[in-house]
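One chain, chain A, links the two complexes that follow: it is found with chain B in the first and with chain C in the second.
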Partner chain A sequence: MTRQKYFFCYAMIAPALILTAVLGIYPMLNSLWMSFVEFDLLRVASFGTPFVGLDNYVAVFSDPRFVQTLLNTILFTVLAVTATLVFGLLLSQILNGTYPGRTALRMLVCVPWFVPPAVASAIWMWLLNTDRSPINFLLHDLGLITSDIRFLTDSATWGPFSIPMMSITAVRVWNGLPFAVIFLLAALQSIPRSLYEAAEVDGASLWQKFWYVTLPSLRPVLAILLTLLVIGGLGSFEINYIMTGGGPQNLTNIMAVYSYQQAFSFYRFDLASAASGIIFIMTGFISVFYLRSQLKKVA
Partner chain B sequence: MTLAIPTPAARPGFLQRLGAMSKADLATRILVVAVTVALLFYILLPVYWMLKSSFQPNTEIRVLPPVWFPQEWTLQPYVNANRLIPMWRYVANSLFVSVTAAGIATIIACSAAYVLARFRFPGATFILGLILLTNLIPAITRVFPIYFFIQNMGLLNSYVGLIFAYVGFSLPFAVLMLRGYFETAAPPELEEAALIDGCGYFEAFWRVILPVCLPGIAAVAIFTFLNAWNDFLWASLLLNQGEMKTIQVGIGDFAQEGGGVQYVNAFMAACVVATIPALVVFVFVQRWLVGGLTAGSVKT
Partner chain C sequence: MTASISPRARTRSNPMRRVTAGLSLALLMSGTVLTASAQEITFWTQPQGDLLAYQDLFDQLTGEFRDQTGINVSVEVINWSVAFNTWLTVAQGGAAPDCADMYWLHSFSGIGAGRFGPMPITEYKDQWPTLEDDFYPGALADVNWNGEFYGIPWRVDIRPVIYRTDFLAEAGIEAPPANWEEIVEQGLALTQRDDNGNVTRWGFAPGNNNPAQTLLPYYWQAGGAMMSEDGKTATIDNEAMRTALKFLQDLVHIHKVTSPEIFEKSADPLTDFTSGMVAINGSSGNAWPVQLDRDYPEMEGTWALALNPEGPENRDSFSGAGYWGVLYGSRDVDACVEWIKFLSTPENMQRISETTGAASPRRSVMSSEFWTDRPWKQVMAETLNYGHTSQHPSSVWTALASPEPGAVIYDLVYNTVIGGADIDAAITEAQARMQAELDRANGS
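Moving on to the complex of A and B:
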């Protein structure tokens, strides 16, 4: 009986396991391997792919553009994740209330979720077009600015911050916010009402209820959300690639875009793999920690 | 996740509640409402701007300052979009690739998710860990080997190659989501009864579990479809030539080739078309959203 059961289990899981291995695990490891060999597509025919150890990593880290890109990625992730969490907490609270029109409001908040990243980039490129942006005209009318904001092309910087970086982050947050809101809303609905009632008896203010009841109850869910958002941010690609291609002056370049361009514009698959290898190490590290805590619950 | 909605009669009137509120709470509430209104503007403006621009005639789209509420609505941009790029062909390509990939991935995911949800066997946790890891780590860390792999099989710029890649990349997500669904939606007594009646394991799965779980399976298929439909990265690498492109790649290229101001209404029309399928299926999967979200975690 058990043998029959095991046979059934392995037969059922085999197709998924093979595909995950062939199209998931193996390419990841192979990509990591590519970062330790020379792999210049223009030289590969005559020189092959000799092992070069850490040379590719040394090469990318001595490229100031790459170092800037790495810092951009971290800044981009921190900004986007923070904004998504803060706005997400606020909106999920609002949607958790009871008032007429709540369902409609929930639908409206969800809309950006269903806009594909390529389309989101396209819409925002039009919306942020320096000469024709309604936002610029609105700010002019309100008397807040005197010259147009060049959302995607201004190359002035304040430390690591620049207007294009902020604009790109805003697009990313826009696209990813509904996910966070609905995720948190589901968690809010599972907080027992009695906790709030007890707090009310003690005369807690709105803010105190949020701080002492809501936030602690959300902690496990926030940890999951934070992990997913950070991993997503570090591997983010489409919006930066389509909207600015990393420009102006590398200000909005992030690791995935750098990697993609090294590979398909310069045919340096070794440097590209070193860049994506760094994403792999960072996200893999976070994932393993996350999985350990998650799998413990199952076992 | 049902919502407990208190009966309106049991609640004091709005003004009474405002009066009973402390000054600090009132300030908090006003601040929260103000920020929410600002956020709604941020969320909805781009969507409105896309829709509005896609119905504006060529002359009006160029007017400065920009027109917020068009006087005249026209379908001309939708016709023009199809002249600039083979838009409907791209949509058909996207539909074909995404539907096929979603179908295959869902079938494979179903069987794997079922045994992962129901049985304990050596290696189960390890396999689950591998699938979770694949689901979490960003796609950019595996595109190059897959690109060469598809190229070596002679499948670059073919539908088969892209479908193959999509099945691989949607599979972990589908397995995780379905596993959660099988655990909650189908009581184990169901197939226990079937097994006692003399069904084999596969028969019990096929005849008893699958029919019961069909709605959840359909939802997973739709999510898998959406993942493929929304994808830009894989499609831009594996299928980027001529009329075979997917609509997302078509839009990405259109954007990078300028999509200049003179064509922007047509460009926005293409964007609306590329968003509609997602919005349509959204109506069907709404109630499954939360399950879909938590698929990234093992359990919540």
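Moving on to the complex of A and C:
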């Protein structure tokens, strides 16, 4: 009976496993293999794909553009994840309240999620265009600025920060916030009211209720959310590629865009695979770290 | 004693069933024979102009071709958004049609390396005995490589100057710039700023947001060439490159008549032009006039085209052609050539040009009534005489000229024109990088 049960279970998950293996694991492993060989589209017909060991990784790390791209990716991810979590917590608290129009507000908050990143990028490109930005017009009208803000093209920097990087991050947060809000709202609704009532009896303030009741209760969901957001941030592509293409002066370039450029603009699939391999290592490390912590809890 | 008969034996013995089975088999076999004898080729193309009109036209053309030759052409229209990746896959041995409407011959041929992708049809070239007389040389350059002939150019992306007649009239300027000096003069006269110094109109935009495409006509006009004719030696470390880059750099930083954002991805030169943010564009998009006619009827009478201004050496214009060619692995090269020959008759190229609105590389089409009934069309046709192919004889050309940061020409142009970097140092570095890329493509 037990064997039959196992067989049934494996049969049920087999289609999903096969799809994951064919469309996910095989391409990933193939890409990893390409990062250890020379795979130059302009030379592959004549020279094949000789094994080059770590040469491709050395080559990408020797490229100052890649090093800047790596730092940009980390900065972009940290900023986007932090902002998404902070605003997500704030908005989910508001949406968890009881007041007229709550349902409509919940719907409104979810709207950016319905907009595909490519479409969102096109919309925000227009909104942030220096010469045509309604945001600039508004700020001019309010007398807050005298010269246009170059949201996507200003190459001035303050340490690792620049206006284009902040603009791109804001769009990413706008697009990804509903995902976090829905996660957190669901978790908030599962916290027993009795915990808050007990805290009130103990004279806890609003902040103390959040810190000692809400946050600990949200910790498991926050851990999953953090993991997903970080993985998504490290592998982010569309918004940066469409809105700035990594510019100006590589200030908003991130690893997935760099990888795409190497493969499809410069025909260097080997260097593209090495860059992707680094994303894979980073996301893999985060996933392993997360899974280990989960397994420890189960044990 | 009665012998038992199996159902199978009963079936065999049924005369009606035997007749039916025989007829079915005969029909099936005749069908197979018919299918085997019918010539069918597959043809992929990217849409030009209105998609439905383009599809209708090809329905008509394939019907007429089938009536004439008995060859059935199965046409598949590939969306432009996936075209590049499709041809890249084809050039690496992916599923390919028998013949197609293609572009970027040098790169896709180089990647295909004589096994996949575009296939030379030099032995069929005599099917077009007056090719050199019938077509513009700039377009023919895009279908010849390494001494081989690859097909017939059918559309050409030619980029004359486009300017706002209303703004020029307002500034008292009678004619668009005829040379580089006039670009600066008119740019200064047309650039406007508000009280806070914000630019409300740029006098001049040199081209689109692709730095390589923008640089090319100015570099040619200064007398430069990107590489040797065999595609083995980079030739950009010269006075022509210094002159062209200095001219563009000065437009941005000294004269301040050109936006420093022209090469950013968010820049949209057509919208800048229609919104009045730019008065003159020195290398307009090929499709702009058609789009302006169709989508901006209210702008009628406020814009016009002109020949590219004369540089220190000439007034070459950016030109790039799409072509009909055959692919390696084609099941029927003769049928493909027949189809291309049919498409490239003057009458059919006229129909195609009129339906798509794309300028034709065939001289007779560009001198037809359709291409001479409006002043802008006449300019377009005249500019074709100055068309300089934007393709170069190396498979790595499209990587060198890629509109992405990190590409050799992108970095050279962006860093000098926008970033204000030292031109000499930037050219020296770009020359070395470009040579390394050419060596890579040439198998060194």
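We adopt the following convention: the second predicted complex is superposed on the first by the 275 of 299 C-alpha atoms of A that agree within 3 Å, B and C clash if a C-alpha of one lies under 4 Å from a C-alpha of the other, contacts with A are read in each partner's own complex, and residues count from 1 in each chain.
Keep in mind that, in the parts below, contacts are C-beta pairs under 8 Å (C-beta built on N, C-alpha and C of every residue); 3 or more make two chains touch, one makes a residue touch a chain.
Given the structure is predicted, the values throughout are model-derived calculations rather than measurements.
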For A:189 in the superposed arrangement: first (chain B), second (chain C), both or neither? first
Please indicate which partner A:245 is in contact with in the superposed arrangement: first for chain B, second for chain C, both, or neither. both
First (chain B), second (chain C), both or neither touched by A:165: neither
Check whether A:65 is in contact with chain B, with chain C, with both or with neither, and answer first, second, both or neither. second
Partner chain in contact with A:37 - chain B first, chain C second, else both or neither: neither
State whether A:150 touches chain B only (first), chain C only (second), both chains, or neither. second
Could you say whether A:129 touches chain B, chain C, both of them, or neither, answering first, second, both or neither? both
In this superposition, the partner of chain A with more touched residues, chain B or chain C, is B
Once chain A of both complexes is superposed, is A:264 in touch with chain B (first), chain C (second), both, or neither? both
Just chain B (first), just chain C (second), both, or neither: which does A:81 touch? neither
Considering only the contact definition stated at the top, list the common interface residues of chain A for chain B and chain C. 125, 129, 131-132, 242-243, 245, 264
List the residues on chain A that touch chain B in their complex, please. 4-6, 8-10, 12-13, 15-17, 19-28, 30-32, 34, 87, 90-91, 93-94, 98, 108-127, 129, 131-134, 137, 170, 174, 177, 179, 182-183, 186-187, 189-190, 193, 205-207, 220-221, 224, 228, 231-232, 234-238, 241-243, 245, 255-256, 259-260, 263-264, 269, 272-273, 276-277, 279-280, 283-284, 287-288, 290-291, 294-295, 297-299
Looking at the complex, which residues from chain C come into contact with chain A? 84-85, 88, 91-92, 110-115, 196-199, 260-261, 263-266, 268, 271-272, 275, 277, 395-396, 399, 402-407, 414, 418-419, 440-441, 443
Name, in rising order, each residue of chain B that touches chain A in their complex. 1, 3-6, 22, 24-25, 28-29, 32, 35-36, 39-40, 42-47, 49-50, 53, 64-66, 68, 108-109, 111-112, 114-116, 119, 121-122, 124-125, 127-134, 136-146, 149, 164-165, 167-169, 171-172, 175, 201-202, 205, 226, 229-230, 232-233, 237, 248-249, 251-252, 254-256, 259, 261, 264, 267-268, 271, 274-275, 278-279, 282, 289-290, 293-294, 296-300
Chain A contacts chain C in the complex at 40-43, 45-47, 65, 125, 128-132, 146-148, 150, 152-153, 155, 242-250, 253, 258, 261-262, 264-267
